[in-house]
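Below: one structure, written as structure tokens.
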Amino acid sequence: MERHIETLEAIRKIPKLKLGIFILLLISLPFLFPLSFIHYIILIFFFTALTAAWNMISGFGGQLSLGHSAFFAVGAYTSTLLYIYFGLSPWIGMVIGAFLALPTAFLIGYPTFRLRGAYFVLATLALAEVIRRLLVYFRGLTKGSVGITLPFTGDPRLLQFPSEKGYYYLFLFLALLVIFVGWKLRYSRMGYFFLAIREEQDAAEALGVNPKRYKMIALLISAFITAITGSIYAQWACYIDPDAVCSIELSVQIALAGIVGGMGTVWGPFAGATILVLSQGVGLTLTGGVVGGVYMLYGVLLIIAILIRPQGVIGLFEEAYKILTKPLSGKLTTHVDP
Amino acid sequence: MLILEVQGVTKRFGGLTALRDLNFSINKGEILGLIGPNGAGKTTLFNVIAGVFPLDYGNIRFNGEEITGLKPFDLCSRGVVRTFQIVKPFLNITVLDNLMVGALSKEKDLRIALKESLKILEFVGLAPKKNLLAASLTLEDLKRLEMARALATKPRLLLLDEVVAGLNPKETEETLALVRKVHDEGVTIFIVEHVMKAVMSISDRIMVLHHGEKIAEGTPSEIAQNPHVIEAYLGERYTF
Amino acid sequence: MEIHQIIQAVVNGLLLGGIYGLIAIGLTLPFGVMDIPNFAHGEFVMLAMYPTFFLWAAFGFDPILSVPIVIPMFFLIGVGLYYLILRRLFIVNASTPARLLALAGLSIFLFNFAMFKWGTTHHILKASYGMSAISIGPIIIRVPLLISFIGSVVLTSLVMLFLNMTFMGKALLATAQDRDAAILMGINPWRMYMICFGLGVGLAAGAAPFLSTFQVIFPTVGMSLTLIAFVIVIMGGLGSVTGAYLGGLVIGMVESVISLLLTPELAWVSIFIIFVLILLYKPKGFLGKWVK
């Protein structure tokens, strides 16, 4: 069969060798570099997972979310509270939290996916704000703004590790897993439908594609994974509070990483996360850690990103990234990611 | 055998009654044309059948099953598919991928969907262009693509929305030939059209709408001589 | 729970709602006329509170005196931002979520700018009447709230006068209803958009002095205002001035009453629930476009 559709081709053409070498490289990093550096890499994996999950609804699903911290918080607090009050292992609490994120996501997806315009974005913003306030309100349970400090045991059965190395591999695995899920979503029957819905929703409907259903699927998967990442984060940072895990800052960081990296692509989230973490390091040094300094830059960056490439908000660096990562995303046919 | 039965359909937009107690049916395997002067309600009727507008009264049955109020994607799964007058291709993907979207809504296996899509591309004559981006096609090819995409969903009733609008006579002939070819494969066709010559030459039967009501129904030659039809289009002076 | 406590809450909510309504009007105009969801709207309210505060701190200016100062000032800022950002959004034909995102970027920039310039310490403006109140029977009406309400009524009336009586206002409405027809009438739609956005920002600023008489000033005070304003705007119907103002009153009362009956945080939750219900059952809002 000739090389036609990008989908089958991507399946056949996974550059297994290059990918394998890349992963081996990542696995070996903790042995080559000091812990302070490794900490940064963990942050990259962390944001990669978050951004790749966000990308499922905002990139593939075409529905921009600025409130993903809501799902993150649901995961973080559920597993933490279950652990603190019932001694339940976060491995299980993580799953429960993820399942709690589902109805939360459904609540805002269901009314807004029927509508066109900015309703979904607004709903995500409102959701994150509400959850943040609820977390503060139930301070008897959640210790409110004071936050919860988790006991550090280093016990892997409690989703903790004695050294950063353990966390490194956990986050690496998570990031690769989420990217894999993204890849599966993109290069599949559903991937075609997502594309069609984004390109021409009316035509897609006429051809048998139910836009609400697929958007909801993307949202639910996205929320589920984001919540899991939240739980894992809680076990790593050992401290959570509403303003940290349910903040607009977090939601914006994720969205910025996704947009800059390239929405609707498979490795875009990784590129975006890398840029985000690196720029945060650079930005902090530049502005000397002055309050608001880095974020002012983010704000301007966001505006510029939209003004220059707003259709679907393609990443600024997408061209460069495509050249750099060509072997990773499969042979580029005449298909252009919208 | 009746593939589509429309009964008592009424549709209002605010104070304006676009469709008034419409009754008609389409026989399985025929080509039914819908004509009427501007503002007659053709587009409204088309969109009501296609599931875009909800109707106010009446019901629609497809192969005996009630389909009133179903959304376009549900209609598609039952075998009712429409094309768009102003074509809506998925511009940034290839011709083949455009078809894949349609094929995949009925066929879950990617490889089988690919085979079917390729066959349809051959059938409509777009095979040489399968790897081109849809954005680079001519209007005639885009209309062809529109039809091919619809065919990929294995329709039993195909709703064509002004499929020759904007085409020159040669392109029109080629497109009509394709419609006939599709019809020969056993697809029932409901075509709304302004270009009189086109719809007259291709339809088995024609229905005429005026002010939201059916004023005539019959073979093309019957319609051409029907005084009500002539009056609707040309005004009273021309009836004889 | 005594009945007069509830009435008190309703009264307070109504008075506060006037300011909400004013802020919402500033949001609904650009949203309805040019499909610009100004996510930075609350930030303009916040920003205008600072010059109000400094004029009071340095010269003893009563906040009300600041109103005619900040409104033109921020009108010009709005016009400037139109040229800087909005025009480009139109040129590249950005989708509505993309526009919201761009304005979210502006919002982030603005409140971080405020943090950068003025720090995160709370500024408190103590107007001469800040603590006064008048009582009608058992009901206490705080003067700052009353003045804010009166201010909102005055400004809203001015806006409606402008829209319905002046040529420019009518031109604006015309552009909103049918852009092409307006162009044929010789109206420059871009000029209208510029004015509309300037007006929206100006109104946001206009609410600030009133707000400063009873609300603590800090950089992130704008964020929740923006969200509440969006809920009000969607509830009242995009582009409807009356809808925005009435919606503001309603939300003000809801927030106040629920705060009394339950707690303030739950008031927020109920507003969110209202939002979801509106999306489910009346996404076009209650009053639709351009009801006078």
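Here the chain labels run A, B and C in written order, and each chain numbers its own residues starting at 1.
Here is the rule we go by: contacts are C-beta pairs under 8 Å (C-beta built on N, C-alpha and C of every residue); 3 or more make two chains touch, one makes a residue touch a chain.
Being a predicted model, the structure only gives us computed values, none of them experimental.
When every chain is represented by the mean of its C-alpha atoms, the one lying closest to the mean of all protein C-alpha atoms is A. The pair with more inter-chain C-beta contacts, choosing from A-C and A-B, is A-C.
Averaged Cα coordinates give chain B a centre that lies 49 Å from the centre of chain C. If you average the CA atoms of chain A and of chain C, the two centres end up 33 Å from each other.
Our note on geometry: chain A versus chain B, Cα centroid distance of 43 Å, whole angstroms.
The part of chain B that touches chain A in the complex is made up of residues 50, 71-73, 76-77, 81-84, 88-94, 96-97, 100-102, 104-106, 108, 110-111, 113-114, 118, 130-133, 149-150, 152-153.
Against chain A, the residues of chain C that register as touching in their complex are 37, 85, 88-89, 92-102, 104-116, 119-120, 219, 223-224, 227, 230-231, 234, 263, 265-266, 268-269, 272, 275-276, 279-280, 283.
Within the complex, the chain A residues that touch chain C are 63-64, 66, 107-108, 110-112, 114-115, 117-123, 125-127, 129-130, 133-134, 136-137, 248, 252, 255, 259, 290-293, 295-296, 298-303, 305-307, 310-311, 313.
Contact residues on chain A toward chain B in their complex (touch as defined above): 1, 4-8, 188-189, 192-193, 195-196, 199-200, 202-210, 333-338.
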